[in-house]
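In what follows, subunit A forms one complex with subunit B and a second complex with subunit C.
Moving on, here comes the complex of A and B:
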């Protein structure tokens, strides 16, 4: 079970994701509302895994991912994405994201992906 | 609260914010293409779509999705922003608002039909296959141009066809046919296998998968050069949605491994990296540069130390001693990340052991006088920590604080009763903490006026478009804070005044040109704090109030004597507009503009303990001024005693306190009155409330809506701010009392409702 940092600009999505991850007995070590906060919290909280929204104010998920993987190339970041954002996810994967989950979230798929990336 | 209910509440609250954001930025967009506005619009629409999808509100998801397509075309320049298009998009936001209202009320928004809007949006973009239509490609949302989106970006895990590599394994991967993103899964497999060794080749190629690879069938063949066992490779390739993995060995390859040259023999450099002054998170930038350098150099020492960088102790300049054979240019380019103001690099000559010795101060090694200190900064955390709290919880907390006040007061009384000074003193301290807590609670309830102001630009635009008028709407002071309950009550009256200003205040462009004015009228909404009150001013440069017509109407309605016109000031005449008799349709047409429902506006403002005034100059414009207490929870009162009982009279209704001669009191029927100055004031003894109080000689003269009367009192104790507590529902409405207040001593004091007395 991993220590997870949730990054999303809406409390709604964070709550949704948090409850799914709780149900998989994961530990939520922190939440961030934008990329800047995500980078800072990644530094201070050292989570095992980050779930990263793409579209966020201040610094978007891709920029945040890049800063995180630059700091720690083995950082485990999962992108939260929607159907239609394929090109974006590819860019994210090339930039070091280890997985992705698609909105609307399905709990089993989310848990499977998280589990899988944590195992890597 | 159930999970569903929690999600619904969160969904509504955040969707409303995004909806407002969408509307206000659409209005900005209408004024001219603005890249920040379009970015914000994208983010808002996208967030709405994502949340609606998660809640299963399909119609809203579809509507937002179709809107995104239109925004995409606006952004890439293939669609022009026309008034018609903005109208359509605003209609869509109206529909979203209706859906949100329905959801908030417990519905599922399915009763709101947006199909027509979706079709009109599709007609705008020509995209037919809605749900499968690729989204906008998530361009910069941070409001700045973003190199991260260019495909030529450097990639840390780029598959490479190394000429020296020989495939050792053939990996055949089949992606689950039900996967909606087979190409991405295939790419992820490729990425994972990169960790196992070198991908010599793949069919289809990584480039194909990275591009528009919608027709990818899910079969991937990879030739891999790896030292790993087949099982390990299988495990790496077995990611979610992979149906099968087959690994077969091809041949054995030798992976060349060269011994790293000793860092002592390599050239040594001193680098000074200065991060741009306006960069946020300078330490992170410096860290990124340092991390990049580590890829090609051995870092010998840094100032400040890396640990300090990690802790945020960084002032903007990082000095690094490193050894590397990568060359000056490569080092410079590795360190040149975003927001780096300058990089200096010097090759060091001399004995490497000197620089390598950590006991040597790097500052002394550095020729430059400009040294980076390691001063610890007492940096306040930059993160803003906001939480959402249900207003009812705040109300509950407020009630609890008030209970604390009452019980604290009782304890203090007991302490005095038993003559226990120590307890009394201790309770005094507790009392101070309680009143601080009370003040803090009141502050927490304050929200900025922007909460209602941001609705208004849309209203002005719609009314102006409807009436064929040109209006510039300016707002100032939206950050002025007021209690949530006051703000809630202010929305409708202000909306009314603003509609009136556009509708009846501002003239048509033709009329304005005829009068020698700018065809575009101006409406200005301003708010500021003034002597404990909040003043909200709404001014227009329209036609102003036709005082003759108002006076004529007032005379017709019996509100003024026909001959009164001479003696009344402009303001007094304009004040007739607030009389209930003026809110008729007839008034709208025969007075140049004003008077529609202003009585309602006035009574609402007064119910918020505020006042409203109007000034106007014919032909030049009209200004309404609202003065309100920032919070209803606290009002200033005059504390008096009537027949020995304490009670409070709101200071805004007190005219004066005077001493009278009881002999002057005259009886008129059942009631009593007294000639006072030029008036005859009715006397209210409030005997029903406080019992007979004999014949005191002090009166408090009170006034409501211009009517005066007086209340005899035993004594005036003084003036003070008190916290108003509404009457309990158990007591019900109690004529003459608007609420109670409980001062520190725990006494319960009624607040007189002058309104029902006059």
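Moving on, here comes the complex of A and C:
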């Protein structure tokens, strides 16, 4: 079970992820709605894992991922994006993402991926 | 001509036989003694170790052949490459995404895509993957990064044991268009011709993600009758089906009495 920071610009997606992660007995230590806030909360909350949306205002998920992995190269970040943006995978993996989920997603698979990344 | 050990369903009883096959015909020996031209086969499905071949022209004519996996793999490949379905040489990646999670070791396989009456088959060097058309939830064109280049591909989503699984097909642009149109036509029965209002769309997304009614009510800050009304609409549109009906109850006088008694301290 891990302490998780959820980053997504839509309340709906954050709530959905929160419900899924709660059902897997994870602790949600914080939420952020853009990349800047994500970087700040990562510093202060020190989560075990971050779920990071890619397309967000102010600072996008890839930029936030780069800042987070510069701060902590072993940070565990799962990128989360919509169908059709899968080409971002390579960029995200190159930037240090440990996993990738595509919206819409199904709860058991999300929990499996979170578990896999937490074990790494 | 190849010979494969198998059992053939002969009017309900399984008969051991060596079936013969070449690039044009499957020969089922005695007691059936039938030649099945590959071109007459318009559907193929596998149920565990049994292959079901459907032959066009003769209504309801189905042949069932059981064998070991290795023999069935050979037989399937010969049938799929010679039958009367829509066939296209292509690269495919299946599965590429399962339940929203990318499959890390997914790779492009060279082979063919074959669209039959009720099934889409991917035929690779060593694997044959089947997607029932009735389980296909979406067909669309999208772009993928292929060897560093953004390339147009056809994306096929299908539901497999409750999980939405995504496969990709890659072929030259002109054939890709033809394939996309063909698949869209083959799966038109499952397409939605009506838009949902935003709240209903959110409910659909939450159901997709595996949320139960109670969680949906909490997440959307809605009442049970509101969610029930949305379910009714979705049932009418054929988008969902009822799998469980929960009940809310209140205690009768007898129940209240039981609880009251149950909490009394024991008397000696």
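General remarks:
Convention: the second predicted complex is superposed on the first by the 120 of 120 C-alpha atoms of A that agree within 3 Å, B and C clash if a C-alpha of one lies under 4 Å from a C-alpha of the other, contacts with A are read in each partner's own complex, and residues count from 1 in each chain.
Here, a residue touches a chain if its C-beta (ideal position, glycine included) is under 8 Å from a C-beta of that chain, and two chains touch if they have at least 3 such contacts.
Computed from a predicted structure; not experimentally measured.
The superposition on subunit A brings subunit B into a clash with subunit C. Touch criterion met: A:110 reaches subunit C, while subunit B stays clear of it. Once chain A of one complex is fitted onto chain A of the other, the partner contacts of A:90 extend to both subunit B and subunit C.
Contacts of A:12 after superposition on the shared chain: both subunit B and subunit C are touched. Using the contact criterion defined above for the overlaid structures, shared-chain residue A:63 touches subunit B, although it does not reach subunit C.
Legend: residue contacts after superposition of the two complexes on their common chain; A:100 is shown touching both subunit B and subunit C.
In the superposition on chain A, the chain among subunit B and subunit C reaching more residues of subunit A is B. In the three-chain model built by superposing on chain A, subunit C overlaps with subunit B at stretch 130-138, while the rest of 22-30, 40-48 or 130-138 show no clash.
Shared interface residues of subunit A, touching subunit B in one complex and subunit C in the other, are 12, 15-16, 19, 83-84, 86-87, 89-90, 99-100, 102-105, 109, 112-113. Subunit C meets subunit A in the complex at residues 97-102, 142-145, 150, 155, 163-164, 166, 202, 205-206, 208-211, 215, 219.
Chain contact summary for the complex, subunit A toward subunit C: residues 12, 15-16, 19-20, 83-84, 86-87, 89-90, 99-110, 112-113. Those residues of subunit A whose C-beta lies close enough to touch subunit B in the complex are 9-13, 15-16, 19, 35-37, 39-40, 43, 54-60, 62-63, 66-67, 69-71, 73, 82-91, 93-96, 99-100, 102-105, 109, 112-113, 116, 120. Against subunit A, the residues of subunit B that register as touching in their complex are 3, 6-7, 10-11, 13-14, 42-43, 46-47, 49-51, 53-54, 56, 131-138, 140-142, 146, 148-149, 151, 153, 155-158, 180-181, 183-184, 187-188, 191-192, 209-210, 239-240, 280-281, 284, 287-288, 291-292, 310, 382-383, 388.
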